[in-house]
Amino acid sequence: MLHILNKPPHSDAAKQLLLALSADDTVLLIEDAVQAVLYPDWQGWTVSSAAVFLLAEDAVSRGVYSLANVKGLPLVEMDGFVELTEQNERIISWY
Amino acid sequence: MLHILNKPPHSDAAKQLLLALSADDTVLLIEDAVQAVLYPDWQGWTVSSAAVFLLAEDAVSRGVYSLANVKGLPLVEMDGFVELTEQNERIISWY
Amino acid sequence: MTRENERLVVIRHAPYSSNQLREGLDVALVTAAFGGSVSLLFLGQGVLALLKEQTVGAPGQKATLPTIDMLEMYDIENLLVPAETLQAFNITSDQLVEGVTVIPTSELPSLFQRYASVLNF
Amino acid sequence: MTRENERLVVIRHAPYSSNQLREGLDVALVTAAFGGSVSLLFLGQGVLALLKEQTVGAPGQKATLPTIDMLEMYDIENLLVPAETLQAFNITSDQLVEGVTVIPTSELPSLFQRYASVLNF
Amino acid sequence: MEYGLLIMGAPYSSAAPHSALRFASAVLSKGHRIAGIFFYQDGVHNASSLMTPPQDELNMREAWIELHQQHNVALDVCIAAALRRGLMSELEAKRHGLVNFNIEAPFELTGLGQLLELQQRCDRFMTFA
Amino acid sequence: MEYGLLIMGAPYSSAAPHSALRFASAVLSKGHRIAGIFFYQDGVHNASSLMTPPQDELNMREAWIELHQQHNVALDVCIAAALRRGLMSELEAKRHGLVNFNIEAPFELTGLGQLLELQQRCDRFMTFA
């Protein structure tokens, strides 16, 4: 299952996503959720074995792209976003 | 100064209000902010000597009126809301 | 872990402050009206829609509680709330309307896996 | 504690995710264009408007940074951020655009008392 | 006293217009005046003459018009915020080569200067958002 | 694969339409199809034919229409959510005794059943809100 989060990492939406997450799910952070780059200790980075990706163009526009790069966080372009939706039959948005 | 909060007691808006509050300010909780009734240890109840009021009709519609009454929290009707604005030259809304 | 041929509608916003709750419930009602089976999960602020002491709002504001009461008529009987949400709001289950099932928070991941269709409101 | 004949505009929302930030800045610009004196305070999510590495968004999305850069041309030079906001976002002042003044968080109450007009966005 | 209100929430999507309307009624019935209401951001949707809520919900635009008619409250709508969101007067529609429009008197399209002027002129200025 | 999108944010007030549009372009250029886009809640504002953003901002409605014309994507708007928010077709306007309207083809006013049907029919269903 793919979870898409577009709210900041400490929002209600983010907390709810973390409660709903299964170990083999995938998470994509878009829009305001790319702020998670600023929080190395955000629960989403560690709470499960779920893979967490950032949408590159939103990280760029919001000024956290180079920081994400320095930290080695997995960034995907819009094509990669589409691939994540190809790989996951079910997709849930948290907003 | 009168501060009006209409977001839940743990929202960004509520946190910002608490940082901006002076000791002799007044706070009115409306709309979603009446949820503060559910949190006896909310910082707003104790952080300063500021007086904190609840808008009665919003407490009623959101199902926390009787709880507010039991706890002896200060409720104001819409007339009381107007009086608070008469008493305070400056009014800031946190939303 | 079978995927039930059912829809899960997730309500995450409070009554009155926006139309998100109402329009989420509308999707559940229409699903049921079309003969589909639907469960409702209330997360976070959404749990406030279930407080039984809610009354009609200010003049002209439509109340949510009558819609909640209507769910049963549409055979929507699966109203779920995780224990964590109740704890976070200091709400006990006797403050809620009849017919709500409190589920362990740890069951949320499997709940989301179980439904073929999930709509988050 | 005198009340300066100045307007304080408070920016509390992030760029791109809504128009609240842009339309808040517009009020500051119009105040200045009418010859008024205006200070800008960035609280919470609003501080993200000041990250200097922001670039233009996706095609068709208007960037915020050019508006921030424009503030100086309108003689809006008082850009304030409380230390608490920077700490909360793990942002250091060298990640911000030029000309931002970091103020002690404890000065926020007196800051709000000082201005005759405050507009919260 | 003279009150001014700034409304930045849309009807049916935000509680702000409801709260503002109830507050406005209470202010007026205590003998105060409301010099003007300024609609900004998503609040511009309050002025839509095409707003058609279900019968059991309040028509917010009609409620504002009643306030204007009974108490002479000016209803100003920010023109930049309005155009972007699809709200325009007949005059603006013509200017943009459009036939339809959805802002009519007593709502007036105006600039942000009007908001600043309202805030300065009033004894009390309040935001509902 | 066949995609369906649900959009619940208004242009200029939410980033959701921008994200959805960019995603839709990427999906199509990878050879997938988009069966339909359903506009609900504040997303109904995407359909407003009176939307007039500044020249340096994207006209979101025109972008959706382009998607429809080039890739035959159905653009459905929830009628209940639309009427309440002041969006209506010529037909609905007549029904309500109004002269003006702001929803035109290729946008279609429809019921929530269409949303459920879209979700069931597609291989992938995504929400942007």
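Remarks
Note that the chains take the letters A, B, C, D, E and F in the order they are written out, and that residue 1 is the start of every chain.
FYI, contacts are C-beta pairs under 8 Å (C-beta built on N, C-alpha and C of every residue); 3 or more make two chains touch, one makes a residue touch a chain.
If you want to know which protein each chain is, UniProt gives these names: A, B = Sulfurtransferase complex subunit TusB; C, D = Sulfurtransferase complex subunit TusC; E, F = Sulfurtransferase complex subunit TusD.
Note that the coordinates shown come from a computational prediction; the quantities given were computed from them, not determined experimentally.
By the document's definition of touch, common neighbours of chain B and chain E comprise C, D.
Two copies of one chain, chain E and chain F, touch each other, and the residues they use overlap strongly: the shared fraction of interface numbers exceeds half. Note on chain A versus chain B: their Cα superposition corresponds to a rotation of 180 degrees, in steps of 5.
Of all chains, the one whose Cα centroid sits at the greatest distance from that of chain D is C.
Farthest chain from chain A, judged by C-alpha centroids: E. If you average the Cα atoms of chain B and of chain D, the two centres end up 26 Å apart.
Each of residues 12-13, 15, 19, 22, 41, 57, 80, 84, 125, 127 in chain E touches at least two other chains.
Contact with two or more other chains is made by residues 6, 31-32, 57-58, 92-93, 95 of chain B. Annotation for chain D: residues 16-17, 19, 45, 57-58, 61, 120 touch two or more other chains. Contacting chain pairs (ordered by label): A-C, A-D, A-F, B-C, B-D, B-E, C-E, C-F, D-E, D-F, E-F. Those residues of chain F whose C-beta lies close enough to touch chain C in the complex are 6, 40-41, 80-81, 84, 111-113, 115-116, 119-120, 125, 127.
Of all residues in chain F, only 10, 12-13, 41-42, 45, 48-54, 57, 80, 83-88, 92-93, 96, 98, 100-102 touch chain E in the complex they form. Residues 1, 12-13, 15-16, 19-23, 25, 90, 92-95 of chain B touch chain D in their complex. Looking at the complex, you find that chain C touches chain B at residues 14-17, 45, 48, 51-58, 61, 63, 89-91, 95. The touching residues of chain C, counted against chain A in their complex, run 12, 43-45, 82, 84, 105, 108-113, 116, 118, 120.
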